[in-house]
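Letters A, B, C, D, E and F mark the chains as written, and numbering starts fresh at 1 in each.
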Amino acid sequence: MPSPMEKAGILVEALPYIKKFYGKTVVIKYGGHAMINCELKKAVLTDAVLMKYVGMHPVIVHGGGPEITGMLKKVGKESSFVGGLRVTDAETMEIAQMVLVGKVNKDIVGMINSIGGNAVGLSGKDGNLLVAEKKMGKVRTRDGAEELVDIGHVGEVRQVNPGIVNTVIREGYIPVVAPVAEGEAGESYNVNADSAAGVLAVALRADKLIILTDVEGILADRNDKNSLLSTITLEEVPGLIDRGIIDGGMIPKVECCVAALRGGVSTTHILDGRVPHSVLLEVFTDRGVGTMVVK
Amino acid sequence: MPSPMEKAGILVEALPYIKKFYGKTVVIKYGGHAMINCELKKAVLTDAVLMKYVGMHPVIVHGGGPEITGMLKKVGKESSFVGGLRVTDAETMEIAQMVLVGKVNKDIVGMINSIGGNAVGLSGKDGNLLVAEKKMGKVRTRDGAEELVDIGHVGEVRQVNPGIVNTVIREGYIPVVAPVAEGEAGESYNVNADSAAGVLAVALRADKLIILTDVEGILADRNDKNSLLSTITLEEVPGLIDRGIIDGGMIPKVECCVAALRGGVSTTHILDGRVPHSVLLEVFTDRGVGTMVVK
Amino acid sequence: MPSPMEKAGILVEALPYIKKFYGKTVVIKYGGHAMINCELKKAVLTDAVLMKYVGMHPVIVHGGGPEITGMLKKVGKESSFVGGLRVTDAETMEIAQMVLVGKVNKDIVGMINSIGGNAVGLSGKDGNLLVAEKKMGKVRTRDGAEELVDIGHVGEVRQVNPGIVNTVIREGYIPVVAPVAEGEAGESYNVNADSAAGVLAVALRADKLIILTDVEGILADRNDKNSLLSTITLEEVPGLIDRGIIDGGMIPKVECCVAALRGGVSTTHILDGRVPHSVLLEVFTDRGVGTMVVK
Amino acid sequence: MPSPMEKAGILVEALPYIKKFYGKTVVIKYGGHAMINCELKKAVLTDAVLMKYVGMHPVIVHGGGPEITGMLKKVGKESSFVGGLRVTDAETMEIAQMVLVGKVNKDIVGMINSIGGNAVGLSGKDGNLLVAEKKMGKVRTRDGAEELVDIGHVGEVRQVNPGIVNTVIREGYIPVVAPVAEGEAGESYNVNADSAAGVLAVALRADKLIILTDVEGILADRNDKNSLLSTITLEEVPGLIDRGIIDGGMIPKVECCVAALRGGVSTTHILDGRVPHSVLLEVFTDRGVGTMVVK
Amino acid sequence: MPSPMEKAGILVEALPYIKKFYGKTVVIKYGGHAMINCELKKAVLTDAVLMKYVGMHPVIVHGGGPEITGMLKKVGKESSFVGGLRVTDAETMEIAQMVLVGKVNKDIVGMINSIGGNAVGLSGKDGNLLVAEKKMGKVRTRDGAEELVDIGHVGEVRQVNPGIVNTVIREGYIPVVAPVAEGEAGESYNVNADSAAGVLAVALRADKLIILTDVEGILADRNDKNSLLSTITLEEVPGLIDRGIIDGGMIPKVECCVAALRGGVSTTHILDGRVPHSVLLEVFTDRGVGTMVVK
Amino acid sequence: MPSPMEKAGILVEALPYIKKFYGKTVVIKYGGHAMINCELKKAVLTDAVLMKYVGMHPVIVHGGGPEITGMLKKVGKESSFVGGLRVTDAETMEIAQMVLVGKVNKDIVGMINSIGGNAVGLSGKDGNLLVAEKKMGKVRTRDGAEELVDIGHVGEVRQVNPGIVNTVIREGYIPVVAPVAEGEAGESYNVNADSAAGVLAVALRADKLIILTDVEGILADRNDKNSLLSTITLEEVPGLIDRGIIDGGMIPKVECCVAALRGGVSTTHILDGRVPHSVLLEVFTDRGVGTMVVK
């Protein structure tokens, strides 16, 4: 156990970081293991509360795929996916919204409050925060052509009205956003949480976008956990995709980072959510725990 | 169809009411038929939007019993009731919260937005709005004694932190509140929507509390719809209960009104939610459509 | 008499208009019959009070020719006119100012207050609101040439300092402006109320300019009251003047509209002030009661 | 002519007075010679402008009896008086209002503007500034009894709503108020300018009330101009009236001072308006030029 | 060296303290070893900067006795003391002021700035912050009586005008105050830094007063460093003085604490300034490093 | 002695100047005789207080060479100069800072307060107001070449952070600035007061820069005091230097004016500080008492 002097030293070490990020907005895409494991969950949300107290403005955008799947099972409904996207009929949409807004979001809000923060949960419908339009799924036909298919209430954000989030931040709350959006005609859409976090970061003129994942970050050699690329630039991204170093589910995450950087966000991070306090270590120490994507 | 002159006349007639309620807060407990019937729903929410535009601050608190029951059925769970209160085990609580916060609340928010207002949905957990403690159910034993039984996550509001609602009002949104609260230890509670509306009205220093019901109001003779008591006073309430004129489910509603009046709310109203635009008629014309309870 | 349901319906019908004009400034040139007939007067001013309560910012600019003529007669002074403009010697100017500022303006202020609004009367001298310079009259000589003649204290507005009007609006009052201005050297000028309303609308960045007249609007055939042109564009104006459809006293009114549109006012209206609540019908319903001039 | 050093000295001498009255409100009842003589008029209004620039808040309340009489003559109407009060029928009231609001007030506003200040003229009707009720005239019957007679539109101020004056002050203007008030039923009243100044001083929490007169102040011996009482206290007033030292038209003026002092005004002054810059000398030097009435 | 996880843990441990003191003002009397030893100095001021960044409002009041003595020696002036107070003639006062305001204060300001804070140095003369009156020295005569002697420019604070300190805090600076005050007649006074810190804490409605000393705190047995009294109450103070446990130079320090507590400060602390980061340990951990005096 | 009427006249004469400079910032470089002679000192500072009360924002920047020399003598240290700049070793710097910040500055603050103003003393270190870098001295070698020599802690201002001065002005205080600055590495620098005043005037967007000197201004013929050049332009400066009319110590002062004018200051003035109230005469009358340098 560190001595009091060591404790003091660590707090003092954090000072330059506290100073650097004072008054800055940080959007955290929260999901995966860090949302399921109770201890990790508490660690991430404690990091957010700490950030708030030292003058930063954390904004949490969460996912909830496994919880949705679980609830669908409960009501006897099977999920099918097209190109990684859940086919979302009206009933699935209703369940998804209930789970994201009525369960996952409120659990996060409740835990932040019990840690000593003060959170306000929002969906993309509140204050017209996220306006989306229908997104088509893509399938390969037998002859290899790409075909668009209707996958229901899956949307892509077209407009962000960040007023309510800014209000909530200014009044001292931590906003927690569920990725459910509204269409122009009032219909509901499930939107991808990573990309919701990205467009929100741009609209809020955030300084940082942090995406929590269940991997170490981007590895130069996927079999060697010591080959972590701690920083990559926008320019390097296409080459890394070509060489298969960025692949699979990591591609859309990196693309969210790229879009956020192009929209004015200063730095973006893909962190290992399985490491406790990975957000805090990223923000308050000089030891990064994942891959930073910068301009 | 009224002539243009008549139209003008009606708008002008509304002026003294608009003036009278300018800047005043009105809490509307919204439930029953008015929430199920699509046309009535649109009418109530349109009234709220209109109130907002003419300078009032409507706040909507909704229930959702039938929707909860429906969802419980879907997942194969039966509801049991003790003294009118749903026995709420952990799973029921989770479903109830999902339905209230993730479905009913968002439907209302979405409809207000599509009418031209701008709503923000909140639960009692957001910003620690409603803090509750466990409430016991009451049963009669065979020998007629009253006995308290544990009915799970049913709570009574003990503290209201109206900050987030005031913020949302001040920024021009219509707050829509789901009656889910948090206990001191972070546990979830289902709270009665009528009484949540009542305590919120007091905490917001509201001018009016309106409870929408599925009856005409309080009838002197329950078989005569023309025997509506259009105004009753606090003092008359006990006598009316003794004489059975206020009875059954109307008793707790009237008690909410009484508590709100004692807490400083100017007037309280039990309106017939089955009449389209009953809120608007109450507020903007001299024709009341239910029973007003006053000091 | 409309039923309560019809009443509610009419209020609800007004909602989109209320929403559309929320926070917008509307300058109303008030004169003619609408200022003389007591019932019409009350109707116009009630419309303004209603507009104020539903979030609009009405500004009234009034004339007062007949009252000036009356007062001049009382003191035994005859009025002479050159090209439609009153020859205004020093004594006439003094009388005109007394009547406009000390009688007509205060009557309007008093009536607005008694209806339930809160008005503040201003002249162009207060806060240097309207700064004017001398305007010459035009006469035709015998040989048909146009000659300029001195007609005294008749002025044309050269500068508008809208500060005091904005202050009065922001504090919740309805400003009522008398068309008397000051010259650079401190001399008084009588200015045309239509054009004062026009330049004020531009300076206030008003959304609408409404000119009340004693005719139906612009008629395609002056003998057919059903031939009303409900909308004309800037471009059509010269042609309509050439063809004599816009003629006489209507020409300068339309020119005020044209100038206001060019200065940034969104829409301008020439309404029939003899119709009760014509302003309200124009603003809150889809039934126009005159001619709208637009870009 | 003073040397530059002497000039500097005089400015410096003013410093403690400037400091003392910084941010304070001073109500000046302006009338008599100071309003008729052009040079005196310019001197008084220049004093007010100077006061404004050095951080004080001058408010001018003016009379206008001689101008009203003149105008009444012009229209062939004789004035009759009861107990010093003008019998004011409806026509007289109309003329009085026109003269006070439309002529005298605007002349003052115009002159302040031309000196380099920025004035806004108001009547008691604007923003409901002065609400009055009917005042009866008093006559002695033959047997010496006092009898009340109806003298028409003569009023006494019963309520002051100083909002509009405070707004105008805060925005940097000098308010100029004409003593015309409105009754509860919307009727017009002529009110005494001295007492209007007094009640306004109380409502504005003014520091000073200055009443300009056409005499030196209160003289211990009316035949000796060197017998000026430079300061008297509230307590001395009744004795001075008993001994006839305060008499005639001076009595109501002193009573206004007494009422203002009782309402919280710090000091009240009866100054000789025939001395140029008497206001400035009173406020900025240690040489008073009249009688100060204090608690 | 602590691992990253341990680092994170320590930051998280600080959270409840950060939360508890958010927005609170803490006055730190800074002197003794902590001001002379360069490393200790940096540690104390770093603590203050850290406090500022996490939302607290530290205010530093410093002494400077040794530096004054050093400068006096340099100019060949001996210091004499009466009852622990320096006899302060005019020349000594001038030197003391120069050293405190022109050297010690600016060194502290400079070091805070170089650490990354933003400090503004003030003396008690700036903005009339500290107004003092002459304080007499006390000597014992031969027969044991107490006699008052004039010891020159030694003062006691009689009035605090905290406006400038509040302004400086609100604008984000750390105020650093030198204990030099001004008398009513403009004369200079040297005031005791402990008591200046105490009265300032009261005037600023501070939450905490921290006095840095060169001892461990109050020891129950002065020969046993493990006998530290970590908390004492107001009521216990007189008994502790009687029993000699609080004695010598500690008495006035404890009296400052007592006065501050009576003036509304929540807690007061006598800390060991020789321990690096003793302020930070006191504020951000549960390990106190001195004696806390509470109500 | 001027009569009351003359006094009034002089105050009125000042009105256009008060109006002209209302809300404007004036930086006054204060030094020389005006700082040593007690009466002159009081006159200058009274002028500043008067300016503050009539709505201007005076900022005082002072020197203190003679006082520094005096103190150095006291501690037995000789001053040496290179090209007019004092060679400033570490000990000299410490003494200079003590004298400027701890003595001269506080004397000015104390005197302003005793006159009735409210001053706050600042050095260039407070709030990082003045950031400087080392400046080399210039000497002529035997062969006439210019050589740079290290003269210690003599600096040139490279950055101005006027935040703290603006704060202090806005809160109603008169800022008094000592010309001591900080280097990037935290080292102290003595900076020239004239040029500190100049760069501060630019950073504050001042309207006027006034430099008090011990001469009449710029004389066309130095032997004829009546040959004062009351206004010169930027363009004329090089010619006047070439012709030797501007020479010696006047050159850097004029260069400060030139730099200030180029930085946006409207007018700059070199005034005779030996004339009492020269600042006031310059600002409030049409009689200049020195040389104005304009664009």
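Following the convention adopted for this analysis, contacts are C-beta pairs under 8 Å (C-beta built on N, C-alpha and C of every residue); 3 or more make two chains touch, one makes a residue touch a chain.
To keep track of the chains, here are their UniProt names: A, B, C, D, E, F = Acetylglutamate kinase.
This one's a predicted model, so the numbers in the text were calculated from it and none came from an experiment.
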Any chain that touches chain F (Acetylglutamate kinase) and chain B (Acetylglutamate kinase): none
Starting at chain B (Acetylglutamate kinase), fewest touch steps before arriving at chain E (Acetylglutamate kinase): 2
Proportion of interface numbers common to chain B (Acetylglutamate kinase) and chain C (Acetylglutamate kinase) (over half same, under half different): same
Rounded Å distance between chain D (Acetylglutamate kinase) and chain F (Acetylglutamate kinase), as computed from the means of their C-alpha atoms: 47
Whole-Å gap between the CA centroids of chain D (Acetylglutamate kinase) and chain E (Acetylglutamate kinase): 57
Length of the line joining the C-alpha centres of chain E (Acetylglutamate kinase) and chain F (Acetylglutamate kinase), rounded to whole Å: 36
Of all residues in chain C (Acetylglutamate kinase), the ones touching two or more other chains: none
Sequence of touching chains round the ring, chain A (Acetylglutamate kinase) onward through chain B (Acetylglutamate kinase): A, B, C, D, F, E
Residue numbers on chain F (Acetylglutamate kinase) that touch chain E (Acetylglutamate kinase), as the complex places them: 71, 74-75, 94, 97-103, 105-106, 109-111, 113-114, 118-123, 125-128, 163-164, 167-168, 171, 173, 180, 182, 185-186, 188
Sites on chain A (Acetylglutamate kinase) touched by chain E (Acetylglutamate kinase) in the complex: 2, 4-16, 18-19, 22, 43, 46-47, 49-50, 53-55, 115-116, 276-277, 280-281, 284-285, 287, 289
